[in-house]
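One structure is given below, encoded as structure tokens.
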Amino acid sequence: MHREITRDPRPKDVYFFATCLVDLFCPEAGMDAIELLEREGIAVHFPENQTCCGQPAYTSGYADEARAVAQVQMALFPEDWPIVVPSGSCAGMMRHHYHKLFADDASLKAKADALAERVFELSEFLLEVLAVQWKESSTGRRPTTVALHTSCSARREMGTHVHARALLDSLPGVTVVTQSHESECCGFGGTFSLKHPAISGAMAGDKADALKESGAETFLSADCGCLLNINHTLQKRKDAFQGKHLATFLRERTEPAGTGDEA
Amino acid sequence: MSANANVSARERILGRLRAAAPQSKPAAPDVHALYAAMRKDDSRAERIARFCAQMAFWRGEVVPVTADGWTDTLRELCAAKGVASLLHGPRGVHDSALAAAGIPGLKAYDRPVGEWKQELFEATDAGFTSTRGAIAETGTLIIWPDAAEPRLMSLVPPIHFALLDADCIHDTLFDAMTAEGWSADGGRSLPTNALLISGPSKTADIQQTLAYGAHGPKELVVLLLDKTRETAANAAEENRQ
Amino acid sequence: MSAQHPLQFVPAAEFKQRSVDATSDAHLRQSFRGAMDFLMAKRAAQFPDDASLQRQRAIAEAIRQYSLARLPDLLEQLERNLTAKGVQVHWAENAEEANAIIVGIAQRHSAKLMVKGKSMVSEETELNHAMEAAGIAALESDMGEYIVQLDGEKPSHIIMPAIHKTKQQIARLFAEKVPGVSYTESVDELIGIGRAVLREKFMHADIGLSGVNFAVAETGTLCLVENEGNGRMCTTVPDVHVAITGIEKVVEKLEHVPPLYGLLTRSATGQAITTYFNMIGGPRKGGADGKGAELDGPKEVHLVLLDNGRTQAYADEQMRATLQCIRCGACMNHCPVYTRIGGHAYGTTYPGPIGEIISPHMMGLAATHALPTASSLCGACGEVCPVKIPIPDLLIRLRGEATHEARPGHAPLVGQGAARSALMDAVWAGWAALYTRPALYRAFGWLATRFRFLTPPTQSGWTVSRTPLKPAARTLREQLAERRRKTH
């Protein structure tokens, strides 16, 4: 799960794979993620032809359809640059499942394997590859308490819950509280939430309760699927408590250590 | 069910398995390496102490005894626990020692169970057995019943007394079975029923609440016979604290 | 008890309705949450060192894969060694055959009462019905199984059958159903009641039935794992002992047992070991001159080896991993779906994640295709599985098999394609058409954002408990384009 990452040489360019959910439902999270990368001096390239990683069809048992979509994405990254994804779930699909989709085709399988090596979840990339050094922005000086909800793919496939947590722990004004049943799924599960609304809704409701009861001012997640699931559950209850994408929170509260605002 | 139909079920099942069994077989798993990596290099005293602590965790009582005094201890324990009938093996190695100890209600398991099932179930307070050894890691007794010490002695009476030689405590189950060669010669030395016993019978089937004496003994008392009696005494002392 | 045919009792629609009912049952939700939290904490305490756990899992997986790769040989070796020790070995392709074999044995002995140790395989074959139809009482003796049988139910968990019941419910049940018992909520007293009833039965039973946790081929040994002692009673007191097991439970060597046993109990209930580990190597010995004659133990021991769909899983390289299972139940203890709906909602002998991947082989996909979809694929099951079954991958695979024809070169599963729908095929074809055509996809995004006010207020299952999903005012790509225009 955890892989050795070399920081040298520091990349100058990265591809940004936004994911379909970020593109259509959470574009602000995507913009914030791009800004976090750019302010580290990285040139962020957004392949215009990107659509979706293919996960919805893959997990629904429609492998041919998933394969067709995945193959289109695999052609989008010709340069040997890292591919940064602001979602543990989609990153997990590209790193851990593409090679299974192409198991029967040696050349595509080799391509999938090579691609997997270049895929990074955003917080993992910020911490492990860029080793970001931040200081608090003016917004960031206001003390706050947050809870972190890590998606199941981020936690169990990518192991990036540690990265998100480490980034938050490095911010002096931020207190991270742990909600009960922290590692339990929020009930999104892609088409699962449509097929089994009662079960999925029960899970989402419990997760919303746990996050609220944690005493946090807001909650954060590095996955838009979880955020949409939990936020819309809270909205249905007419609850003002809402979560935001980790990238947005980090962008708001930090700036690179090199920038001077003392004057 | 005719024998024929049965044979063909066998052939059909095996046929399907053979048709599908993978050509390349994985190598044998290295179980020895796993246990070598996990091995604790405990001293004898530490091993005994670990056995005692684990057995206490399972609510087994460990009573240190001496080679010449264990029958006296057993008599005292029986008196203290109100044991009116103590079952022992018909031709056990401890027969004469037990007979000489003056334990009231001593009776031998000397008939096939079918001839006295009711008495065994309803009028037998305690059973006494020897043990083959024990396992420190899990606080477990190794018992190999045989004609001299039948299987039900350690199961039916509400109290089970078991005599354990402290020299026969292994680190793990794996150590015990490999050191003693249980599977040598196709396991021909294994009895018809070999048992590992860790504490009295228990269940947590009602609301995860632990209750003892589900079907088998409500109490398990290990008489720990240690030639270097200080060690055992210390171990039992520590375990009480 | 249900009179329906055992292999037909879980249509997909029923699973869905049961899951809806279960999630709105506050009492059930609370009791499973509490019980699963308890079991998860107990397991976690047994594995303080992750590196050591991963070493143990790797060995356990290797042992199971090694055994399965040699399964036909090991079964024959087991049969040979057991037969040499006087154990009679039977083979059954399905539940009916297994039940007929056991009823036949009982009838040969004119048996009136069978006491049963915990055996999920006998639940799978619905043996109790077959025995009762033959006029032979079949009494469950595991405390949890005894309780659910007394209430005319089936187990809701493979390790803790009565986990869905409170002590108050059990107290009422005993007071109502056990003669001469008055209401008590004391767990010790309730267990005492069960003990008294069942010891009487052990004494008089003609035949005892048990499952098998591990069958060792090289020594011809049947291993049983339990805490209560009822398994030992069933396999020792009656004159006849019948063990029933799935064909996958065999390992080659005795030394393969300790790593599996150690992980089984720690994963299941967070115990380092169970009270009893019962290694059976044959009936009581007669002794030629009467001197070596054993005084107890069954005079006859039988083993029934059951297929019931296991060879279907075995035939596929990927799905063969399903048979690595050692039935610890950790996957259900850690499953957020199982925790919400409990075991009965599944309608299968094996509930939870393992049930979702094994039931289709036992009962066919026509009856079970909803089960593999009842997972968010969170991966908790695969993470805790002591033998590393890739449960999420197998769920995805079965979702595919339920909605498609068999892949080329693969034999169709029973019920292959049972969930196939022209509508869903069209939906996914449309989805693929959209997402493989970037220009079309961009146009879709443009339209969706411009016409976001048209977002339907109800969106399939999503809006049952959530507000509708509404596209943003502008897609990310449009916002990026806008930013580029501003800066250049």
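The first chain written gets the first letter, and so on, giving A, B and C; residue counts start at 1 in each chain.
The rule is simple: a contact is a pair of C-beta atoms (placed from the backbone, for glycine too) under 8 Å apart; a residue touches a chain by one contact, two chains touch by 3 or more.
Not measured: the values here are computed from a predicted model.
Common partners of subunit A and subunit C, by the touch rule above, are absent. The central chain here, found by comparing per-chain C-alpha centres with the mean of all protein C-alpha atoms, is C. Each chain gets a centre from the mean of its Cα atoms; the one farthest from the centre of subunit C is A.
Subunit A and subunit C have Cα centroids separated by 34 Å.
Remark: subunit A and subunit B have CA centroids separated by 54 Å (rounded to whole angstrom).
Separation between the centroids of subunit B and subunit C, computed from CA atoms only, is 30 Å. Those residues of subunit C that touch subunit A in the complex are listed here as 16, 19-20, 23-24, 29, 336-337, 340-341, 373-380, 382-383, 393, 396-404, 428-429, 431-432, 434-436, 438, 441-442, 445, 448-449, 460-472, 474-477, 479-480, 483.
Of all the residues in subunit B, the ones that touch subunit C in their complex are 1, 5-6, 9-10, 12-14, 16-22, 25-32, 34-35, 37-38, 54, 58, 90, 109-114, 117-118, 121, 137-140, 145-147, 150-152, 155, 172-174, 177-178, 182-183, 186-187, 190-209, 211, 213-217. Interface residues of subunit A facing subunit C in the complex, by the touch rule stated above, are 18, 20, 22-28, 30-31, 34, 46, 48-52, 54, 56-65, 68-69, 71-72, 100, 152-153, 156-157, 183-185, 187-190, 192-206, 228-229, 232-233, 235-236. Across the interface of their complex, subunit B is touched by residues 35, 38-39, 52, 55-56, 59, 62-63, 65-66, 69-72, 75-76, 81, 85, 90-93, 97, 100-101, 104, 141-144, 147, 160-163, 165-167, 170, 187-188, 190-192, 194-195, 198-199, 202-203, 216, 218-221, 227-230, 232-233, 235-237, 239, 247, 253-259, 261-262, 269, 272-285, 287, 291-297, 305, 307, 311, 314-317, 320 of subunit C.
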